[in-house]
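Got a structure here, written out as structure tokens. Questions coming.
Per-chain numbering from 1; labels A, B, C, D, E and F assigned in written order.
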Amino acid sequence: MKAGIGHYQVGEAFDHYLLIKNANKGVASNGRPFLSLMLKDRTGEIDAKLWEASAEDEELFHQGEIVKVSGEVGQFRGKPQLKIHSIRPAQSTDGIKAADFIEKAPLDKESMMDRITEAVFEMKNPNLQRITRHLVKKHQEELIHYPAAVRNHHNYISGLLHHIVSMLNLAKSVAELYPEVDKDLLYAGIILHDLGKTRELSNHTSPSYTVEGKLLGHISIMSEEIKAAAEELQIEGEEVTILQHMILSHHGRQEWGSPKPPLVREAELLHYIDMMDARMNMLNRALAKTNPGEFTEKMYSLEQRAFYKPAFSK
Amino acid sequence: MKAGIGHYQVGEAFDHYLLIKNANKGVASNGRPFLSLMLKDRTGEIDAKLWEASAEDEELFHQGEIVKVSGEVGQFRGKPQLKIHSIRPAQSTDGIKAADFIEKAPLDKESMMDRITEAVFEMKNPNLQRITRHLVKKHQEELIHYPAAVRNHHNYISGLLHHIVSMLNLAKSVAELYPEVDKDLLYAGIILHDLGKTRELSNHTSPSYTVEGKLLGHISIMSEEIKAAAEELQIEGEEVTILQHMILSHHGRQEWGSPKPPLVREAELLHYIDMMDARMNMLNRALAKTNPGEFTEKMYSLEQRAFYKPAFSK
Amino acid sequence: MKAGIGHYQVGEAFDHYLLIKNANKGVASNGRPFLSLMLKDRTGEIDAKLWEASAEDEELFHQGEIVKVSGEVGQFRGKPQLKIHSIRPAQSTDGIKAADFIEKAPLDKESMMDRITEAVFEMKNPNLQRITRHLVKKHQEELIHYPAAVRNHHNYISGLLHHIVSMLNLAKSVAELYPEVDKDLLYAGIILHDLGKTRELSNHTSPSYTVEGKLLGHISIMSEEIKAAAEELQIEGEEVTILQHMILSHHGRQEWGSPKPPLVREAELLHYIDMMDARMNMLNRALAKTNPGEFTEKMYSLEQRAFYKPAFSK
Amino acid sequence: MKAGIGHYQVGEAFDHYLLIKNANKGVASNGRPFLSLMLKDRTGEIDAKLWEASAEDEELFHQGEIVKVSGEVGQFRGKPQLKIHSIRPAQSTDGIKAADFIEKAPLDKESMMDRITEAVFEMKNPNLQRITRHLVKKHQEELIHYPAAVRNHHNYISGLLHHIVSMLNLAKSVAELYPEVDKDLLYAGIILHDLGKTRELSNHTSPSYTVEGKLLGHISIMSEEIKAAAEELQIEGEEVTILQHMILSHHGRQEWGSPKPPLVREAELLHYIDMMDARMNMLNRALAKTNPGEFTEKMYSLEQRAFYKPAFSK
Amino acid sequence: MKAGIGHYQVGEAFDHYLLIKNANKGVASNGRPFLSLMLKDRTGEIDAKLWEASAEDEELFHQGEIVKVSGEVGQFRGKPQLKIHSIRPAQSTDGIKAADFIEKAPLDKESMMDRITEAVFEMKNPNLQRITRHLVKKHQEELIHYPAAVRNHHNYISGLLHHIVSMLNLAKSVAELYPEVDKDLLYAGIILHDLGKTRELSNHTSPSYTVEGKLLGHISIMSEEIKAAAEELQIEGEEVTILQHMILSHHGRQEWGSPKPPLVREAELLHYIDMMDARMNMLNRALAKTNPGEFTEKMYSLEQRAFYKPAFSK
Amino acid sequence: MKAGIGHYQVGEAFDHYLLIKNANKGVASNGRPFLSLMLKDRTGEIDAKLWEASAEDEELFHQGEIVKVSGEVGQFRGKPQLKIHSIRPAQSTDGIKAADFIEKAPLDKESMMDRITEAVFEMKNPNLQRITRHLVKKHQEELIHYPAAVRNHHNYISGLLHHIVSMLNLAKSVAELYPEVDKDLLYAGIILHDLGKTRELSNHTSPSYTVEGKLLGHISIMSEEIKAAAEELQIEGEEVTILQHMILSHHGRQEWGSPKPPLVREAELLHYIDMMDARMNMLNRALAKTNPGEFTEKMYSLEQRAFYKPAFSK
């Protein structure tokens, strides 16, 4: 058995469970109704059409349902499309759980949470430490499950946690190489920089942007929460302003959504580490699906580049 | 007597009081010390050199001092320079006040403050009204005296007040023309949009940017204060988010410092009205010093354009 | 009965008259011919397919024909599509007029024309007044009916007139706020700025660009007509050049099609007022079709933004 | 004797006639007046200071005067400066003419004018021929003497004529290579494209921009003259519109001042030929003053590039 | 008989031979397989669908096969589509050669090769001559047949040769007009500038980019070959560096793929001549298919402009 | 005694040795000659004028000479300037070496060279290892002493070595975090990426750009050397092309001088690591000279930003 739909090639037969990501009704050019399904498992997703769909089909095959499908992987307008031979809803006796069809971080969420706790514990600056701990605690529930983005990078369950932990590890090495760096400030910035996504996005299973997310954005949301936390904790001192600045500037440029560019060394570093980890996440996942000697698809978030996997790659 | 230094031409003799805006020591190419003075009154400013300056001169002629100068307006590298024949500090018996040398808004500050109060009073949405009133009260002292900017537009005493009042008047007409506009929202946005300048700038007489101003900016500062005010006043409802969005987006584009572009009709309007009033203020002041049939200097904030005053202008 | 096709939701049944905006033949994937129809009334338009279209159908259902359609509003690739149950040409006994299916300005065209006449009458500068009157008269027939654009803003019958009148009203308020403004110049610029559209566009009912429109553009066309009018009227004086400049610069920037940026105060104002009215027209029309608490579609001419209509909107 | 001031190196003695391009009074740091002179001949120009200038000096040494200067070429802030040993006005007995100090085209103006006449004569399309002939005749006096620009390229007496003739020669070859090209159209476009400079610039000896030039520009000016000429000559037909389009689009892009980009083959070609000839003129003149194995100064109009003259150049 | 598929209009019947450029299987909305064919001859290409394709059809109609097709030119989504009535593979008895269906340069390849040999022969600088001759010889086989690009300009058999010859002719005229130009250098740059395409592209009949082409590009490839050739030929001297620079800079700007902008006169000229010839090739071919009084399609490589063919064109 | 000229404030007396970086003659406004000196030691540089300079002074005080200067740090046009009280050339008995006045890397050059040797030794891919070793050996002499740039980052003796070693350390950590990374490829790219600077720059003590450096650039130079090395070592295989691509793409974007953007994972990483280390070097050195609570100067290579050093910094 193949590892998952993301690994099938055109022409191969498929016979396994998939989750219906979304389902839309359509009318074919012969005037008959059909269902346009997006099916997925943890490794990828594929488009499928259920022709001559009956009213009953429409009811059975809706978003969130797990189905057993057999068919063949074909191609339509250059994209893979599953040609359905048979399809039925999974039954309780099949012993299938929806959670198994949704991609999640490759690391365990408890150990990732521990890594954050450890980083907070290491901080020596009490002002930075208390604000960070306060906000992690406040958003802990979402932090554990949320993705780091709707698409592109770390867009899976616990992706936000994964992104933070990966950045903390990178930051630790960088701070050793450049001893001038204020590690506490850098750690605090990393842990909080995207925490506003817990309000910018609607939920962790099928996230979309909230009204607040669209009108204010995670950057302004978290800067404001830092200020409020400091007041609640009765913390005064320049650390509050600097930490707000870290969050406000972490997109690096005004045209990328930061109202201020980085004007503090650790803010500049935060931007690089964020960008490097986000881009490596996208690249590594795309290349994992690419054979040596071939190119990936054009990647929207990497300036539409298609990357090459050298023929001598392991 | 001429109306002020801003109206003198090259070649004319000058004999009047001026305020020292700044004074710097230098060493001339003959090895002798001199003072480089920037002198100003309400109508403009002019560069001057005091050659062969003694140690006593250095002490007498410092920033903030009013002096009686007689001399001749010359030119150096294409810019006017006052050639000093004699200079002495003003004496108490001269009856001269520093306030008379600093430009201020053309309208009376009390009546401008009344106009704002009136606009707040007109509001029918209690959430918007209470937040606006709360923040106006909180910053009232600075609001009365602060300029709207360090340079370019409304950069004079009570310039912020003047800018707000001018925009309110414009908004009133616009709201009548487009009855769909939510006037309360537009008024609240206008009154609060630049109020963060009271923390972004250091003081109203010779303003510079504060650390907080440089690292956070007036936009994030005021968005955050709106949220805090709403919590203090126990106001809930979408008005809070929308009002924050108005402030966050009022520069119109991310590359101009707004973390979000306007996504609400009144936010879009606020941006236009702000831009129109700021630009008319700059233009009108520059053209007031220009003769019909001539061009202004190149104006930095108006994309380096030099504007023409038609020969048939009044 | 619903107010018009623009107000129907997916899933609703429709049974009313519509105008065929355009009709194209196609061949379905089963090899059978079909008609692809764009149907419209005054409130909007909708795509529809007439499957298995006979040669007779092709003749009956052509551009400009009014039809009675019953069907159901469905969806195709995320856009509404009318699923036709039955369709027939309207008959003379139905008492339906094509004019009722074409959007037009919300104000009466005679009263709008009067407003322009009034503005010209108010002018005190005889040179500006005579040139403006001459050109209004010359293009009066088209001015009364033409839209202001093929799409985006004021793109309806008498839209050009509506745009001018709206701008005149705005200008009146602005000129009161900034008494330095030369009202005659501003009025003349507003009335003439888009008058070249009467040659740039082919007609007022289904306008497209003329060859002259594409190769010269309404900006150059009208600048040239001002010069010719001045010569015919034997008017000399700087007003002619300034007025030409107003037209040439009204797009605000070279990259937006103005060969010169505004270099005269009233030209700068004309650009703002034009932009503000065009954008408010687009925004107001899009928001009128949007429910409180929801976003509009992405709007091409507003930098692809989707605007939010606050939940507390009237 | 050296060929002219443009060929002197730092450290060399100079003793010859120069024309005063401009003269400005200044006050030195020792409080004494001096004259800042820009001196020129046909090969270049040089800055010079006349220290301790008397009132009589100020009267003697003004713009437009020819002087006999002896001195030494020094350097100030990285630029050559002539250290004056002695200076006196040229006398009538010196037999010196101002015209000899002003750069002019390397070709004879009569023969260049003949080349244009010949090109007009060659045209077979009577509409294009008559309009071109009419406008050349109308502006003949200025065409003979005007430069093609205030600075950068062909900025010398008869530079406009030189530019046109050079472009006509290029066009002739190009039209032979691409027989599809409408040579009449290309010739007409070349001859008229910059003819509006005769109104954009004030005069040919020390040209500056006219008010009309700044507010309308040579592009709109000439497009309008073509239309007026066609009406006067009672010419109808698409040639008029196409020819106007050639002029309007010859800067190639809207951001470079053309209200329309080229949309006709010959308009596209006109833009390339114009650009190539302008740039070759700048480059050739700069390289003529550069030694093999060295770089030119950074050239503003060539994107600040400094060009290299290969060591193996002739 | 029509000259070729590129000249057929919608509605016309077609009955002739075509080459299958590519063939893809699909599944129609009725669940039946079809073949999507791109058919071409020397004058153009057209999309076609073969509905209800049998397994045998799939085998018969593959890429590279010549077919006899009869059908009718229809339209699908605004693009022409051939409605197939009957189709069969060409038979040996039909006397049809694949070469006749592929577009090639309008000039004879031997005479074009001679023109290059002649240009090399004319060179007086032995270093430039020997390097050029060496590289022409090395790549002669590909040079004779390769296109100059995959799409846009000179994208046909021997297109590279055609482009070089056309540029050499242009260069000859230009060098006569500007005698300062080093003709040897310009000729060498023209002959070698795109020669790296012989490694950037996979073959001349249906070229795609090689891995080396994508990762290094023809610019770096040829610069490196020049260096290697010079070492092999034991040539030293600045000519090698200058010639490499010509190749490296011929795209004119870094954002267009040149690691250095042109910094030598002949490099600047090479860029203009390359651009002019490439653009004229695209324009001439597009206009050849356009009727007088009409516009071409929007052309991607010409900034999406649609060009107009004047009604008075021959 | 102060640590060096870089640590003196305006108003302080100075009495120590400095190296003359450059010396230029000038003429003062009183007509007397002076020397304009740029003086430096390892910590910074300062401008100074020697007034009334004699011919003997001109000979004594030239570039490269070490001088003993006493004077006072003043200010001119906002920049520090040393007011010279006395100046004399250093004598052999002073025991001063020029090398002590030139900034160099903070690490020992032998240990840095060892680090590179170690990295090469660690490589497992023989093709990458042999090419890298070959080129390091070829340029070893320059590699040991060259700076990484003329200005901005690592612009000191052995700066190139320092930059490479710092990047190798960073790369080691990054490769551990992302195990997919091909460490050999990344190491090879880092070691070779700027090695072309040894031909782009003239020497290591006062480096300027060579003709070859300006016309080809270090990117093309090193790509070409890799190819030549591979041929000399008879290495075939995709490693050669990929390694060339790493060098060609390491500036990240075409507009930053890379003819190709990174299209291989390790090339993308190389770009980030290069940028991060270069920017941290600039930032750390600027902040080392800045007091807590203050801003640095505006930094040209960091988009003109002035960075803030938090008041709570160590």
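In this section, a contact is a pair of C-beta atoms (placed from the backbone, for glycine too) under 8 Å apart; a residue touches a chain by one contact, two chains touch by 3 or more.
Everything numeric in this text was worked out from a predicted model, so none of it was measured.
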Labels of chains that are neighbours to subunit A and to subunit D: B, C, E, F
Chains touching both subunit B and subunit E: A, C, D, F
Interchain contact steps from subunit A to subunit F (minimum; 1 if touching): 1
Equivalent interface positions on subunit B and subunit F, same or different at half: different
Label of the chain whose CA centroid is most distant from the centroid of subunit C: F
Identified repeat of the A-F interface (over half of residue pairs identical), from D-E, E-F or B-F: D-E
Chain centre separation in whole Å, for subunit E relative to subunit C (CA means): 43
Separation of mean Cα positions, subunit C and subunit B [Å, integer]: 40
Junction residues of subunit E, two or more chains touched: 29-30, 211, 214-215, 238, 242, 263-264, 295, 308
Those chain pairs that satisfy the touch definition: A-B, A-C, A-E, A-F, B-C, B-D, B-F, C-D, C-E, D-E, D-F, E-F
Residues of subunit C defined as touching subunit A within the complex: 28-30, 34, 49, 51-52, 74-76, 83, 293, 295, 308
Interface residues, subunit D side, partner subunit E - complex: 125, 166, 169-170, 173-174, 177-178, 180, 182, 185, 237-239, 242, 261-265, 268-269, 272, 275-276, 279-280, 283-284, 287-288, 295, 302-303, 305-314
Subunit B-facing residues of subunit A, complex: 211-212, 214-217, 219-220, 223-224, 227-228, 231, 238, 241-242, 244-245, 248, 254-260, 263-264
Subunit D residues within the subunit B interface of the complex: 24-27, 29-31, 211, 214-215
